[in-house]
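Chain naming follows the written order as A, B, C and D, and within any one chain the residues start at number 1.
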Amino acid sequence: MGFLTKQKSANNRRTDPLMLLFYILSLVLLLFVFVVIANMIIGQVMTDLSGLVDAASSKPVLKSIFLSLYAGFLATMISLLLGVPTAYILARKNFTGKRFVESMLDVPVVIPHTVAGIALLTVFGANGLLGAPLQPYIQFRDAMPGIVVAMLFVSAPYLTNSAREGFKNVDPKLENVARSLGAPLWKTFAIVTLPLASRHLLIGSIMCWARAISEFGAVVMIAYYPMIGPTLIYDRYLSQGLSASRPIAVLLILVTLVIFITVRILSAGWRVYDKD
Amino acid sequence: MGFLTKQKSANNRRTDPLMLLFYILSLVLLLFVFVVIANMIIGQVMTDLSGLVDAASSKPVLKSIFLSLYAGFLATMISLLLGVPTAYILARKNFTGKRFVESMLDVPVVIPHTVAGIALLTVFGANGLLGAPLQPYIQFRDAMPGIVVAMLFVSAPYLTNSAREGFKNVDPKLENVARSLGAPLWKTFAIVTLPLASRHLLIGSIMCWARAISEFGAVVMIAYYPMIGPTLIYDRYLSQGLSASRPIAVLLILVTLVIFITVRILSAGWRVYDKD
Amino acid sequence: MIKIKELHRRWKEFRLAGIDLEIADGEYFVILGPTGAGKTLLLELIAGFYRPDGGDIYIGDKNVTGLPPEKRNIGFLYQDYSLFPHMNAAKNIEFGMRMRGIKDSDTVKKIAGYLNIGHLLHRYSQTLSGGEQQRVALARVLVINPDILLLDEPLSALDPGTQDSTRNILKSIHSDSNLTVIHVTHDQTEARILADRIAIMMDGRIVQVGTPDEVFDRPINDEVAHFVGVENVLKGKVTTSSNGISMLDIGGTMLEAVSECVAGDTVYACLRPENITLGTTGIKSSARNTYEGRLVEMERMGALVRVKVDCGFLLNAFVTNQSAGELGLMYGETVVVSFKASAVHVV
Amino acid sequence: MIKIKELHRRWKEFRLAGIDLEIADGEYFVILGPTGAGKTLLLELIAGFYRPDGGDIYIGDKNVTGLPPEKRNIGFLYQDYSLFPHMNAAKNIEFGMRMRGIKDSDTVKKIAGYLNIGHLLHRYSQTLSGGEQQRVALARVLVINPDILLLDEPLSALDPGTQDSTRNILKSIHSDSNLTVIHVTHDQTEARILADRIAIMMDGRIVQVGTPDEVFDRPINDEVAHFVGVENVLKGKVTTSSNGISMLDIGGTMLEAVSECVAGDTVYACLRPENITLGTTGIKSSARNTYEGRLVEMERMGALVRVKVDCGFLLNAFVTNQSAGELGLMYGETVVVSFKASAVHVV
């Protein structure tokens, strides 16, 4: 009996009908996502490459994409400043009401985007709780600070959650040992804890940045101008139609995908210091 | 030496300055989120309760909120139909290109919302890849199917990821044993796998639903009408200002918070069948 | 009869390379090998949970290689019992019947009585001890009347006491039902006690197949010899037992052991070679077991000498080189071996 | 001197209830107790990682209860070594000096030489064996010249061979530097061999404090007696050693053991009571060690009798009731004990 016959007899079992159905359904989902994204990008490149080139050299377009990236960057920096200490406390300390605090910090993830916009306006608008007293010094409506505040609100939870996971993976015994070797808390945090949680911090920062760039609803309500990328796409679509806004969308998605692929590569490769 | 003196001497150690700074920074983050949400709700209830009551009895408002919940529900059902098989395959099978498939399915999470809207329009618009041939049978632009498709696109990854986690927690040995006891694959899946993954499936469904309800950018581009809750808030804000849109926002956030708190309670309590 | 022909399969770090085996109906067949030999994978291939990369599996005259597991009528018992955690014990046991559309609570009760788990039927696996879970899993498998019972290290997750009782359960199930059993383990004592035949599996290959005596007394190569070691396992019958002291009849020779077993039982006495003392004349001491025997083998192992003494039964013992010299131990000589009753572990 | 007064602390499932202890300078102090007694928590409170709910800790004359850990100059060694995984061995060892602003690669080299890890300095902890990690962790702690060294089950994660060598390292560190050491363990043999004094800790309380002889030979109550068990641990000096057989001088009596130790070493011989044979007359057998002694204690334990024999040193042995009867064992009688050289484990 040759090897080929054996191979055959081993494989005469058919794929189970349920698995076949599952393969088909999952293919539908995959194709849905893939076609929607690929169709836009390929359609643009195939049918209207010049439009893409024009958009890529148009000053308002580049300005809006840069504004998206820059405001998202600022929101991420503030998220780091506030989210890292919060994450460290949540990872290390137990206190009554901890679950409430965790829940509260997660609320922006599930809140409808225009609701977040309204809520931010109530606080940061010209007549708002903070907006009014701050009026002489800082303007939120239709200004950069408003964009950053809106992005911060929706994106900070992503950083906080990732950082908390990272700090939880750092064995507190390592911190104890560092303390007993003479390191005060801040040195322990800087030399032991932060480096060991750095992968989670970096991934969290990039997720936070991506989420900040993706936001439209909350930003558009507090600041239609200056226009961020998503707002410009919406504006062009309303005023000039699909073919005028699509090149900008393609440019923005390419930027986003680069960020996203970076996260994927980082989260797959960089596992050296993980506990498990 | 009494007990009190001892308590004192044990606690004469001051809180470390770094921790003090951390407490302050995390309080800033917590207050930011809390004040933004509480200020809107409390402000509405305190200063304009009648507005809230009016909104809660206004037919267009209720209709739009109902539409949000209903379209979100349909998107969640479709996500279940497509996402559960996908999740099961990702949890059980290894194949080349698996990481690409996983990444592709996650892209909608990070894509800017209006970009998703443009991409969906390119496919489902009247001249779109699928929209054009389907034109005689089904209308996506400014219609319910468009809203559902937009919600499905942005929310399906939440269900798929949670379901995959759930299936991964079900020991394949249990499925093997069920098979050897005479259960074909579909019975094994229905009687053993699904019940054991049910908590993750339920949480994933609710997250998916919440995400669908929260979407504004993608939906507003493919279907301004019929208005979902977030669109009505935006529309009222543009036409009648903050005070007219805020009551609707408060109503919608209360609905969202109920969903969200349900998730929190489920994810905390229901751990019986988890592997760890 | 189960016939396995040229079975190949790679899976993660394991690799089965051309497995050939024949197992007779009603045989208690033990596959013995170190961790990582691929024993569980072989069992899972026989059950049909995975497809082989090549080769065939016959049950009776039927080639089942392409059949899904639910059509093979094979009972499978995993090491961790794998009870369905969302069903109580009764629902677990009924599962197989439910799949066949049978509703028969009498059978469940009978088998639960047989395995002494009648009082646990309403409990969930999380609240059961390892031994209890094991018995529920056994009941769940036996209720479907399988043609073949596959056991994946069934004793290794249990504490020693429960191991002993579960081993007895397995033995009586086999003798009561005349099931064909394939039992995978890394424990030599377990293999020796239970097996009709043993296959030694190492590194994805079957190295030796034979009766326990063949495998343990005539290992085919150094590797097998090293793996099966030199533990003494003696089969005997309990003649009397009182105050925790039992007398065992080992092929006509009496042996005393500290054990709570029951007169009339067939048991195995395990004895470590370093606990056996050698002398040249009979002595009176607290070592309750003293026998004359002929020295049939001597082998130097570093500072120690391993000697094999035939005193009605074969015994392996360790002595130091000095002892061997001073006592003048020589091949063929008559020596006196003795060991304490408390050094005998009866299973 | 370390003085602990009325220390209280609850933490998760552990609870320390009013701990009082005094430990002298340069003492090797072992806290011995079963798992879950709160031993590690006590150690962490002394180091200052947690605050006590009540009570005080003095080091010398200074109340350090309120001091943060970095101001206590205490070396702490966790069971899992807790090396910084993002630094190589050299960086780990330098950590303490770096915190003090000292740059001194000579000290690192000297201590690395002392602990025989000079060749590992560039390696990361993931690539080191347990024993190597342990030695790097020791070097990291010793380099800061701590006043006190706290050891949390330092041997329990190591394999037996490495345990022996690490135990010797701990002993020589203590004798070379005259450090005060507090060592937490659940292993009696470890405690007996290393300790100047032992505190028995159970269920969050210190039950007994004393020298090893006091604690092991005169346990304060049944619970302690049961916990410290009846393992025989004998201190002795190696007189000759060849071909893997060593002669040990145990307080003037010679004992033979299978062991690779070096003549002149001070060692401990461990011996399980079930491996000791009792008789009434001297005999010639492969049991290399035979002593006459006086039976000083007898205690029935089920089917067995535990007897204590004074033959220059004290030995615990198990015999069956029948043996005890047939041999006519009685308190005060002279008996002959014997055990094989291969039954002695030398550490």
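The criterion applied here is as follows: a contact is a pair of C-beta atoms (placed from the backbone, for glycine too) under 8 Å apart; a residue touches a chain by one contact, two chains touch by 3 or more.
Every value quoted in this text rests on a predicted model; they were computed, and no experiment measured them.
Colleague: Where the contacts of chain B and chain D overlap, which chains show up?
Modeller: Neighbours common to chain B and chain D are A, C.
Colleague: Kindly indicate the chain pair that has more C-beta pairs in contact than all others.
Modeller: Chains joined by the most C-beta contact pairs: A-B.
Colleague: What whole-number Å value describes the gap between the mean CA coordinates of chain A and chain C?
Modeller: Here chain A and chain C have centroids separated by 57 Å.
Colleague: From the mean C-alpha coordinate of chain C to that of chain D, what's the distance rounded to whole Å?
Modeller: Centres of chain C and chain D (C-alpha means) sit 38 Å apart.
Colleague: Can you check how far apart chain B and chain C are, centre to centre, with Cα atoms defining each centre and the answer in Å?
Modeller: Going by mean C-alpha positions, chain B sits 54 Å from chain C.
Colleague: Which positions in chain C touch two or more other chains at once?
Modeller: Residue numbers touching two or more other chains: 68.
Colleague: Counting only residues that touch at least 2 other chains, which ones in chain B make the list?
Modeller: 16, 184-185, in rising order.
Colleague: Contact residues on chain B for chain A in the complex?
Modeller: 16-19, 21-23, 25-26, 28-30, 32-37, 39-40, 43, 68, 81-83, 85-86, 88-89, 99, 101, 103-108, 110-123, 125, 129-130, 152-153, 156, 160, 184-186, 189, 207, 210-211, 213-217, 220-221, 229-231, 233-234, 237, 242, 245-246, 249, 252-253, 256-257, 259-261, 264, 268
Colleague: Quick one: in the complex, what on chain C touches chain B?
Modeller: On the chain C side, the touching residues are 44, 47-49, 68-70, 72-76, 78, 80, 82, 84-86, 95-96, 99-100, 126, 140-141, 144.
Colleague: Going by the contact rule set out above, which residues of chain B touch chain C in the complex?
Modeller: 171, 173-174, 176-185, 187, 192, 195-196, 272-273
Colleague: Under the touch definition given earlier, write down the residues of chain D that touch chain C in their complex.
Modeller: Its residues touching chain C are 243-245, 256, 258, 274-275, 277-281, 283-288, 302-304, 317-324, 327, 336, 338, 340-343.
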